[in-house]
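After this come two complexes, each holding chain A, first together with chain B and then together with chain C.
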Partner chain A sequence: MARPSMDRIDARAKVTGAARYSADHKLPGMVHGHLVTSTIARGRVVSMDLDAARAAGGVVEIYTPDHRPAFQGALTGLAAVFAETRPPLADREVHYHGQIVALVLAETVEQARDAAALIRVTYEAQPPNSSFEDAKEHAVSPPSVPGLPLGVPIKEPENVDIKAALAASEVTIERTYEIPPRHHSMMEPHAAVAVWQDGRLTIYSGTQGPAAHAMELSGVLGVEQADVHVISPYVGGGFGGKAFTWAPAMLAAAAARELGRPVKVVTGREQLFTVTGHRAASSQTFALGARRDGRLNAIEHATISQSLGEDPGYRTTPKYYAAPNVHISMKITPGLDLPTATIMRAPGDESGSFALECVMDELAEELGMDPIELRMRNYLESTLKGKLPYSSKHLDECYRVGAERFGWSRRGERPGAVTDGEWQVGMGMATAVLDAGRAPTTVRVAFRPNGTATVGNATSDAGTGMWTVMAMTGARALGLPADRIRPALGDSALPFAGSSDIYGAVGSAATATVTPAILTAAREAIAKLAEHAATAEGSPLRGADDVRYAEGRLTGGGKAVTFGELLTLTGTAEVGAQGTSADLDTTHAYASYAAHFCEVRVNRWTGEPLLSRFTTVVDAGAILNAKTARGQITGGVLFGLAAAMCEEGRVEGATGRISNANLADYLLPVNADTVEFDVHFLDHPDTRLSPTGARGIGELGTVGAAAAFANAVHNATGRRVRTLPITPDKLLA
Partner chain B sequence: MEEQSQDDGVSRRGFLLTSAAAAALAATAENPRPAAAAATAAPAEVVEVALEVNGKARTLALDPRVTLLDALRERLDLTGTKKGCDRGQCGACTVHVDGRRVLSCLTLAAGLGGKAVTTVEGLAEGDRLHPVQRAFVACDGLQCGFCTPGQVMSAVALIEEGHAGSEAEIREYMSGNICRCGAYQQIVQAVRMAKEEA
Partner chain C sequence: MRPYTYAAARSVGEALERAGDGSAYLAGGTTLVDLMKLEVVSPAHVVDITAVPLRGIRRGPRGLFIGAMERMADVAGHHLVAEPYPVVAEALRQSASPQIRNMATIGGNLLQRTRCGYFRDPATPCNRREPGSGCPAVDGHNRSHAILGTSDACVATHPSDLAVALTALDARLSLRGAGGERTLRLADFYRLPGGTPHLENELRPGELITGVTVPALPWARRSTYVKVRDRRSYEFALCSAAVAVHVKGGVIREARVAAGGVGTRPWRLPAVEEALRGRPMRTETFEAAVAHAADGARPLARNAFKPALLRRTIVRALVHLAG
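Let's look at the complex of A and B:
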């Protein structure tokens, strides 16, 4: 069966520069904002000398902790857990290096920037508590957050004595894995253009969830949610970093209200590292107990991190392997003088899968067993807790097909066995499991006189391909070519169902959420259209009792008319309906799977590890657009590999400063660091999840990729690096 | 407890920009931006630049601190060119000046008198996309699209420079353009496709 594949419908706008992202908006009378951030990590602002800045040309206003635009409330909903709850410029206290201490507003970008540089701040500095390393020793159990399962210990069975179970196992290993802080580093910095009219805010601000962004801003600004209009059709990357509302958007909105002029705030690249969220460092210890034949008897997984937002234990361990005794726990290090931790692509799943898939590799070596064989011996058929069956699981096929495509049988069983001149060649594999789900959502489908149909939902497309998937699904549901579908997204005024889908494109659930609702809404819209044809004045089918719709045409009473003609004849701007998808069937558990295979070449003399091949086989239900799905997987894999290859936020313990907060020193993979990935999709539609059968893929590639790399490095060199990233110094030491 | 002053009245970049602009104006450069003088000096700080942008002659009266990137984005409403870092570290702002690729965030507009600038908006001929643009669409060489204008401008230049010979060469010469979405392999395919057509 040929898989559907279509060019992105937003591609043309993006390759010509016509696509307008937030900072590309310019409004009459607009002023430009520039942020000033703290140069200490802990203490207070004693005084600020603003004279020079005030005197500089073009400066309109300077906001500081002593003179700030009004905020009426705090972030609500999930943002209260996953974003910075303290409003910007709240007071003179400084809690991390790079905290906003002033906002300069001026007529031009240059004036704002240079005036900001003229502000002199005097601080009363205290030694910061910014070292996660030091804080680990004093980690505490996290407070429980109502409605959130994160950070809550998981025990199976409830009265498990994990130490006894480990002690009773034939083979045990215990290993600790460390991951440094990481930053989303989406190419588009957070930016917002805000304008008020008659007490209503319109804000161009890139977000993964326009409706949630409107809700959060309304809370902070003390206005009704309906009075905040978020417009965000193009988002220059999100990866979780634009799931919630951050200070730059709040300040733009509040300053615009105060000044009565449109305000643009664009975050500087180094400021992004501190004034928006990041992935906190984590330390994970796994203890595994197994029988000699590879069957797991006990899994203990203990994590320490800055916050509970990315609990790797909860997100990972119950989803991979069967074991009769499991104990998962988490501790956090509150009160660190560090920027706010939030979620990042595959939160918890990425870090958890790194540790789990490495420790499984270590156990396989200990047992002298093939790593795939070890995984198959512990294959999970139903959920650890509650024993729910999986809706559609073909992970075994992923392993089989992947091993074959990759040539896994050529892997040297003994580490360091395969060399090619000065290069040591190694192969590693890892599993990826990502919970799949969907929320009921509401979509509006409407027919228009020009022969096109709109399909709208308050979701977003930060590169995921949602524009195109909506057009393709709308086309399928209405029997029209996709170029006659006009998708609408990235706008808080578009429909959504409520609290469960308000966050838009998060958790890799957008496709699974939105597409079934398109089918429902299309059915409703077709019914409305048929009724219109039978009853509306001017309709050639008026009075017919057998009106039918197919492929854009209505027939009835022996006559036929296209919907475009019909609406033109009846003088109707549009006929449409909203439809809400059904609730999820909770008798099953849902997840997407992949098996990753990685080959690396490590230079014997320099220790440089180079990625040389990567195969991934994906079981993610139906693939609705092979073209964009492939990009999601290849991009996701590289995002995960980056953790192993190069990414690392470096916090200076003594000052709390991130010493590499720029794109030259915070290393991201570039084109020359990568190879062509071999991606293969299994096609097993998950029709229990939804009628379109599609599960999420946005984060799947990211999960497990770093472990596949680390395992390959070990196979190449015999060296096991448990602290990311895997840099040459660690391989030479 | 210690008193500490944030005295970076002139950031390194601010210094470079203002001093370069001042030098260009043959003005005194020993104190690039005396704060007190700023307000009074502001109205005088305008330079006129005549250049060509996407084939059209433009004359701009500019604050000498304006980078080419901000001139395009804020003065000419050519927002296709993106600001990813403003520090020459990401490639999102890549444009052509007299046919060569430059980072517009590191280029002062005041120095471009008589030069011809091409941006991503200047590639297509009417509705007809440039072969590189067509290839990016066909090969899905983009996701969020924010790095894309810079990638496209680099790709056009490297094909013209004769640096699109092999996959390795393309990867090397495209490595000044970061794509956080990780569309690299599709970008390489697009460059190859466009090169075949060229």
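Let's look at the complex of A and C:
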């Protein structure tokens, strides 16, 4: 069956530069801001010598802890948990290396940067507490956050004695996996252009959730949410880094209000590593107890991380395998002098899947069992807690189809068995599970006299393909070609329901959230249009009682008219309606699945592990646009593989400095590191989840990819690397 | 970036005339502009030499001459380079990215500065940048740093791949200064850091590199460059080896071996060359010959793997040449 597939409707605008991202906006009288960040991780700003900077050409204002633009409130909602709650320039205290200590505003960007370089800051430095490694032993149980399941221990059964269950198992293994911090490193840095008029703020600021961004900014600035208008039609990558509001946007808005002029603040590439969030380092210990036949008897999963954002236990372990005894716990290391951690693509899922899918591989080896066979023996049919059935689960088919496509049967059972000249060749696999969901949301669909229809929602397109999926779904719902649909998104003034849909494109749920609401809204809009045709003055169908709509045409009373003609004849600017999607059916649990298969070649002399093949088979419900869906999966897989291959934030424990906070030293895979990914989608629409049957995929590829790579490296070499990334030095014999 | 004055020269004479105290030549700019933006270097005066005719790739009596202003990409693809000296072409092709290789010049490449993160961050001390300020790399993040030729004052590697290949081939630099012309072996050009790591090489103030001469070495057709790094492109070497062998009747008559990513300058390994000479061209020979390659190395806390990696990188290069 041919799957719908369409080029991105925003592609031309993006490749020609016509798409305007936040920092592309230039407003008359605009002032440019440049951030100055601390060079110590803990201590106080004693003094700042601003004379040279003030005297430099074009400087308009310099904000410092002693002279800062006013903030009236704090971040609210989830941002209070997952973003930096201390307002920028709050006081002279320094809590991490790279903290904002000044904002220089000047007539040009060069003048701002030049003046910033002239500022001399004197610190009273204290030895920082910046080593996660050292902090691990003092980790504590996290305080519980109302409404948030993260960090809460999970026990099954409630009175489980996990140590006893492990001890009673025929085979037990215990392993610890370490993952360093990671930074979103999206192409578009955090940037904002802010302008006030009559007490209302308009801000062009790249965000995954325009409405949440408006809510958070309104809280910080002490104005009504309706008085903050966020405009963000194009976002150059978010990955969770643009889910919440960070200091650069706050400062742009506050400074613009103070100065009475538009203000632009663009975060420097190095500064992004510290003034915005990152994925915290984590350390996970798994203990598995199993019977000789592979059936799991006990799973203990204990995690330590910097903060709640990275909770692999909650996110991963209950969703993969059936076991009668489960104990999941998390500790955090509060008070570290490190930048604020936040969520990052598949938060907890990525790290958890790495550890779990590696330890399963280790157990398979211990048992002398094929890794897929071990997974099938522990196949989960319903949720761990509450035993809810899954709406539509075809993970077994993913394994089967994937093994076939990839040639899994050619895998050498014994590690190190397959060589090709100087290369040791290995295969590994891993499972990906990602909770699927959707929030009720509101979409407005409207017909216009020029023959087009608008479809609007306050979500965002962070490169995911939402523009295109909205056009395609609108086209389907209205029976029109997609080029007659005008999607609208990336604007806080567009409709949303005020459920968790306020956060826009997060949790891989945007497509699943928005598309059913488009169907609802389209129905309502068609009803409105039919009524208009039957009643409006000037309508050729006026008075007809059998008005019908199909494919852009209205018929009734023996006459026919296109909606464009109709609205032109009736002199109506638009006829439309809002529609809100139904609540989720909670009798079932929802998740997307994938099976990854990876082949690596490790040089027998120098240890470089090179990716040579990768197959992913995806069970994510209906695929609404095969082209952008494939892009999401390959991008996600590479995102996950990056953690295995090279990506790592390196924190100097003694200074709190990130020693590779730039894109030359913070290694992301380049094209030469990748292969042509083989992505295959199963076709099982999840109509219980929504009428469009689409589940989330944005993060799915990321989940499990690193484990597939690590398992392949082990199969190639016999070496088990449990600390990411897997660099050549770790594989030298 | 600090303010500076700029002038473009059209001839060597003009360039030399315009250069002075605190000036810098601008070639491809891929190192210079980068470091100026970071304020690691802040020349008062920049002399653009992109229009100075220091071009040409030609065979001469002393070997192959390459003009200092030739671009890395052009040199890598030139038949007078690629056929007789594969090691040079391979080293260039594994350097940086296509975009950078299209901009960057041979002269600039040999004068590029270390990639040590402390050198590149003016907020940290660095003896190379600010003599006497200290070296955080000794106890800091030193995974990529040198193990050979280091001192307590500096453990930074020389990053150029090309320089490693040219060191193996014993290339000579042509230099022009106010005092006239001179040539210098590349091997004598780079200094060890010792107590004065800020004195990186023998270039005199205002002096220009005009070109490089690679001596004729017919058997260098059998040469290769192996570069080990954390990703497959656009990354500096953890360790690299430039190797050429002259094999007759299955026996190694002559060998050239130099290494990158491990030394404070491109590191020639005469002891390994010696140990290869007169031995059969096979893996056992290679493994025996590299046994002492890292003798005298001073590994740091995070690069203890480098001695082993050095030995293995050389073996891998030799195995390629044997294959």
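As a convention for this text, the second predicted complex is superposed on the first by the 731 of 733 C-alpha atoms of A that agree within 3 Å, B and C clash if a C-alpha of one lies under 4 Å from a C-alpha of the other, contacts with A are read in each partner's own complex, and residues count from 1 in each chain.
In the analysis below, contacts are C-beta pairs under 8 Å (C-beta built on N, C-alpha and C of every residue); 3 or more make two chains touch, one makes a residue touch a chain.
All values derive from a computational prediction rather than experimental measurement.
When the shared chain is aligned, no partner comes close enough to touch A:Ala536: not chain B, not chain C. Among chain B and chain C, the chain that touches a larger number of residues in chain A is B.
By the touch criterion defined above, A:Val152 reaches neither chain B nor chain C. By the touch criterion stated above, A:Leu610 is placed in contact with chain C alone, chain B being left untouched.
Contacts of A:Ala322 after superposition on the shared chain: neither chain B nor chain C is touched.
Applying the stated contact rule after C-alpha superposition, one finds that A:Ala493 touches neither chain B nor chain C.
Of the two partner chains placed by superposition, only chain C is touched by A:Cys646; chain B is not. After overlaying the two complexes on the shared chain, residue contacts for A:Asp114 are found with chain B and with chain C alike.
By the document's definition of touching, neither partner reaches A:Ala90: not chain B, not chain C.
Legend: residue contacts after superposition of the two complexes on their common chain; A:Ala672 is shown touching both chain B and chain C.
Comparing the two complexes, residues 39, 113-114, 117, 664, 669-673 of chain A contact chain B in one case and chain C in the other.
Those residues of chain B lying in contact with chain A across their complex are 1-11, 14, 18, 33, 35-36, 38-39, 41-43, 45, 63, 65-66, 70, 73-74, 77-87, 89-90, 92, 119-121, 123-124, 129, 133, 136-138, 140, 142-149, 152, 167-168, 170-172, 174-188.
Only residues 39, 113-114, 117, 422, 603, 605-608, 610, 645-646, 650, 652, 654-655, 657, 659-660, 664-665, 667, 669-673, 725, 727-729, 732 of chain A touch chain C when the two sit together in their complex.
The residues of chain C lying in touch with chain A in their complex are 1-3, 39, 115, 117, 123-124, 136, 139-141, 143, 226, 228-235, 238-239, 305, 308-309, 312-313, 315-316, 319. By the touch criterion given at the top, residues 7-8, 10-21, 23-24, 26, 38-40, 43, 46, 51-53, 55-58, 108-111, 113-114, 117-126, 184-189, 234-239, 266, 268-269, 462-465, 627-628, 630-632, 634-639, 662-664, 668-677 of chain A touch chain B in their complex.
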